[in-house]
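Working notes, beginning with the structure itself.
Chains: A, B, C and D, in written order; residue numbering restarts at 1 for each.
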Amino acid sequence: MINLNIGMIGYGFMGRAHSNGYNRVNNFFDLEYRPVLKAVAARDKEKARQFADKWGYESVETDWRKLIERKDIDAVDICTPNNLHKEIALACAAAGKMILCEKPLSMNGPEGEEMVKAVEKAGVPNTVWYNYRKVPAVTLAKQLIDEGRLGKIFHYRANFLQDWTINADLPQGGAALWRLDAAAAGSGVTGDLLAHCIDTAIWLNGNINTVNATTETFVKERKHQLTGKVEKVGIDDASIFFCRFGNGSLGLFESTRYARGHKALYTFEINGEKASIKWDLHDLHRLEYFDYKDEGKLRAWRSIHVTDNGGEHPYMDHYWVPGLQIGYEHSFVNHVADFLESLAKGTPCPPTFRDALETQYVCDAVLDSAKANGMTREVKHA
Amino acid sequence: MINLNIGMIGYGFMGRAHSNGYNRVNNFFDLEYRPVLKAVAARDKEKARQFADKWGYESVETDWRKLIERKDIDAVDICTPNNLHKEIALACAAAGKMILCEKPLSMNGPEGEEMVKAVEKAGVPNTVWYNYRKVPAVTLAKQLIDEGRLGKIFHYRANFLQDWTINADLPQGGAALWRLDAAAAGSGVTGDLLAHCIDTAIWLNGNINTVNATTETFVKERKHQLTGKVEKVGIDDASIFFCRFGNGSLGLFESTRYARGHKALYTFEINGEKASIKWDLHDLHRLEYFDYKDEGKLRAWRSIHVTDNGGEHPYMDHYWVPGLQIGYEHSFVNHVADFLESLAKGTPCPPTFRDALETQYVCDAVLDSAKANGMTREVKHA
Amino acid sequence: MINLNIGMIGYGFMGRAHSNGYNRVNNFFDLEYRPVLKAVAARDKEKARQFADKWGYESVETDWRKLIERKDIDAVDICTPNNLHKEIALACAAAGKMILCEKPLSMNGPEGEEMVKAVEKAGVPNTVWYNYRKVPAVTLAKQLIDEGRLGKIFHYRANFLQDWTINADLPQGGAALWRLDAAAAGSGVTGDLLAHCIDTAIWLNGNINTVNATTETFVKERKHQLTGKVEKVGIDDASIFFCRFGNGSLGLFESTRYARGHKALYTFEINGEKASIKWDLHDLHRLEYFDYKDEGKLRAWRSIHVTDNGGEHPYMDHYWVPGLQIGYEHSFVNHVADFLESLAKGTPCPPTFRDALETQYVCDAVLDSAKANGMTREVKHA
Amino acid sequence: MINLNIGMIGYGFMGRAHSNGYNRVNNFFDLEYRPVLKAVAARDKEKARQFADKWGYESVETDWRKLIERKDIDAVDICTPNNLHKEIALACAAAGKMILCEKPLSMNGPEGEEMVKAVEKAGVPNTVWYNYRKVPAVTLAKQLIDEGRLGKIFHYRANFLQDWTINADLPQGGAALWRLDAAAAGSGVTGDLLAHCIDTAIWLNGNINTVNATTETFVKERKHQLTGKVEKVGIDDASIFFCRFGNGSLGLFESTRYARGHKALYTFEINGEKASIKWDLHDLHRLEYFDYKDEGKLRAWRSIHVTDNGGEHPYMDHYWVPGLQIGYEHSFVNHVADFLESLAKGTPCPPTFRDALETQYVCDAVLDSAKANGMTREVKHA
């Protein structure tokens, strides 16, 4: 077994999710590589130390540049706020490190282009943590589409609804709340939530050509945690767009953090000539499927419990027994497994930086259309 | 079109449901017969009059014997409390009237035997209002079983859960509450609710051979509305039994009026070697179906929305368009349609009195086993 | 009881649904008025006769003008294709007849304006059959909103998904398929399906100010039943728009007849600061409700089975007992009851022609924006 | 942090689940103890080695007695077939080792009594892996009951339905199929599945006093993997019983491996005077709750997504963020956490051997009643 030495930059929610993925992957998958948690980098040494102790990192760095310079690091995991992705990624590429970068790839398309150029020039393996692709039910959806079961696609719709920022007293910026700070996050729900929906959509349904969008910021001002002052909120609280895919289908996307009652309601539905598919993150081990070729009186939506380990359901033969569900975190375990298998085979591990750049371009077009009062915007392609 | 003159005895909840069935059947079904609401009989003339006005009965009688004697009555609908079914049915048979009798058939098996003998001797068409057989989704279940899709049956389970008598201040007896009075109802949930479950079960899965049962009366005393005194409650509040069907399958039945949160939760599930079926009265237009022969990765429970009018779903081509649900009351409309079609064809309209006697025997065995501390009781057959 | 003589023009699917409403309303509601089915008008005398026999109309007319001229007709029910609504309504108003007009009100806003002007000048009672308002669960949603339980509204989303025109061999025009013919229908799903969503939305959430829309026609040519020739399809097969309501909330609407697996999936969801609501026509007797003020660990979506006849659920005390569901058709019975009660009280019965004109203006703006490549369109107000 | 050296005996499905629990617990919980995977014992050295490599055990033993003798083992995890539990547990107690024993505790009550006596005499910490208690939604149910929210309990019902042994060609005995071999398993579904239901029931609803039961073996003979001969099947394929709890409520339990379509459908429902609760293992992160004190028109079943990390939902503040579900395996992580916390506090970790003996007595009574044709059997108490 080959050790793959991981260096993690950042230690927040995603740092935990990724670390869990590294720690567990070899318990469930037979792989040539074994991740070794070599070092974590964060400015606050004490917090970095605590994180390292908790998750088994061997050492800590307080300067991410140091971490990248270390000879004993093979792959760098970028878990910082979005505004640091580019700089770190470029440094990694220059140092010849593999990169696993948290999504969204970058603050915007142009930044993403630099990053793609850097990793492709350096030839370093790279992937972006659009982990929902790796949910077994979502991968099953991909298989069904690739097998042609849906036929010509007419409609794609997705939404990602949350409700955690309704309270106007919630501050922006700093530690856990950098997602509300435009300077750190780039955008609001567009880059945070819609980006997930867009990545899945492109994977399942192909490229998006044009968008018409609108965004809204319901709470206009919030106290900023870093400055201590009430400041204008620069992010979008809600983002909606409709679009045309390259295959002629119509798309409809919505995301918000103001949908009372929804914590993480990421759903998508695809309507094809022959069959349709639905999925919902709240019960992520299920896939809803309707097949028109079923016998008339029995034709119905099926609620597939994607937990069969007979080899029929993607990833699931690595876990427990049929009927026993896995959870959110396993999407990351699966993603690590895919990355390590790609490494062994010498193939890319989608979504690569280039794949993620395509999503970035859609986000840019969405934000641009919204600024232009909903006018149609062409999407650049990666 | 031939007029079929109906005489109704009783005017309560079931009187309304049946009357609605008579009034509507010709709007939806093409039939040789047309029910005409000729008369309603009830002791309270004023209430009978109001009921007649509401539902379109041409006349009223205050003595049910008078109604039976009338030459212009073809068929009598018995909607009284259970303790009057036998006497009225015998009088109807003697007068050569067709009978549509509310369920359960009788207070017990021996009464039922007299009734069966009487109608069969008189040769009068007869049916018992076990209306849930006539719900399209339930009839679809029957079709699937008859087509052999389930294969050998292993398990049958059903329950009928309500919560309307939890309040100990609710009185027993009289008007709307005769169902709590053993003298009028014969038994509690066994005859009222389990009888429905048993009728469906026998229809779908064949005869029951043995039962082991228990019953419970949670509220031991209630004020009686007729006497004004607090009296011992003679009915069963809850009734549970397991059983063996003639086909070797195991049955499990439960009924109660103390299941907080359930108003009319009648569900059944059948597990066969090849397929399984589930149904729930709360969403009666749906049938859940699992078919083992489905392709492995797509194998799942289907939620069939039984509303297709393309002729594929029983009864539904008589109503609206696919996707639009019908309600509880349509089971009675369908039952009337079946009765009128049977009349035109000269065939019996199941469940007949004899069919309902089989259910009565199971109820008797259940109550008997419960009295005997759960000991096995053989079920007599009709 | 006062007889209200009804004259029906047209006899299709909606003619049946309305007739059923007239026939049944007095069985369930105590009202001063009783609808009498006086006459039905249709060009095909034989078909009109069959319809009259089935539903109990006393007479038939082959010229709708004759029907309107009859002195014994109090109210006219317009059930024709959309392109005849205006002419008939103007004639009715001129003759002083009450009007119950099938939705959408008209082919477009300007037509609708004439109709509103006519009925208001004539002072005749008028209503438009946006029947989904009258579903008990939807009316309950209205009550909850009016009681202030949702607080400030952030989001409104609705869709109406069907799949019955996917087959490209389906012809357009004539009898049952006039909805595919732009000359008869005015538009496709915008006027047929989205109009329902818009009517409910305006009722629940107030006026819409601006829209950005797109439409699509997936099958470009279909054989026309009247000409026998393959002709260009003029209707929209799918229609999508986002919008701003007057109250500041964002709206998102989608409709299509190409969503495989959905027969009549009309759903809406409203997210307020304090609570959220969801509804789905496929199980129309349920309302989903989330209330933030619920205790933390028990906070959840509730699936309210809107069947309680204790007077708590709108309309339901007129039907059966708790737990027993009603169906699609009862929305029309309820609508008739509302109309008759309004008549008795001398008040308007919403949605009136003027209410429906507001919906028409939104439809116009949607179609207009779609033609203009999604550019923002202001909505005119009624 | 104190190391707790674990010795595992057995390496099957449960061996994996427990090992995963040990490996992950310190990532999520702040604890004084840290499990160290010291050794695994199994007769097949090669397989033991592979298992050890996969899960991180430091050493292997081929004789479980050797493992127990080792000074560097603090706690022994018994993951063998049921027929070895007693012997191993007695040896552990004699050696002063803590014990974590897979369920069911023993082959029968008398064996269990010996085991309880041994661990209590030795004073060693002990627990039995009835892991479903540790599912957050189930623990929430326990909290709600303990807070008195359900009031007087009327009904408890549970079932555990699977379908994996329908195929008559499946052999019995040996490796993965010892559960079909009465000599190794003691009983069939009664000890394997109903035992889970009974453990939860006793925890939530108190002791069971009497039972009436039946069992069935659908496939009477199967090839035995160890002998290679077709042999009589000694286990129960299905087991059903009704019972009386000490608190006066009625219980109803069913388990089978012949319920086509169900992989691991463990459900329970409790109906109290004031509220009711339902749960289903297939979507284990949800708890259904109905509260009668809710306002009338909003009274409904709630589907609580038990994923809130605000400290309101048991265990969940240790994992991800609200809305993100955990899976089956986390029940074991939570169980380990509870065990380690109990150790730190010096308190027992339920379910202890004595708790599990109570379940064993119910299983004995069930099997005994089934043999006696369903006659009532008193349940002995631990």
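Just so it is clear, a contact is a pair of C-beta atoms (placed from the backbone, for glycine too) under 8 Å apart; a residue touches a chain by one contact, two chains touch by 3 or more.
Just so it is clear, the model here is predicted, and its values are computed rather than measured.
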### Task
Walk from subunit A over to subunit C along touching chains and report the minimum step count.
1
### Query
From subunit A, which chain is the farthest off, judged by mean CA positions?
B
### Task
Overlay subunit B and subunit C by their C-alpha atoms and let me know the rotation angle in degrees, rounded to the nearest 5.
180
### Task
Any chance you could check whether C-D or A-D wins on number of contacting C-beta pairs?
A-D
### Message
Distance between subunit A and subunit D based on Cα centroids, please, to the nearest Å.
### Response
36
## Note on the structure
Cα centroid separation, subunit C vs subunit D, in Å, comes to 55
### Query
At which residue positions does subunit A touch at least two other chains?
262, 301, 305, 308
### Task
Can you check the complex and tell me which residues of subunit D touch subunit B?
154-155, 157, 159, 161, 163, 166, 212, 214, 216, 218, 238, 240-242, 244, 250, 252, 254, 256, 258-262, 271-276, 290, 292, 301, 373-376
### Query
In the complex formed with subunit B, which residues of subunit A make contact?
140, 143, 289, 291, 296-305, 308, 310, 312-313
### Query
Of all residues in subunit D, which touch subunit A in the complex?
13, 16-17, 19-20, 23-24, 26-27, 54-55, 162, 164, 262-265, 281-286, 305, 307-308, 319-330
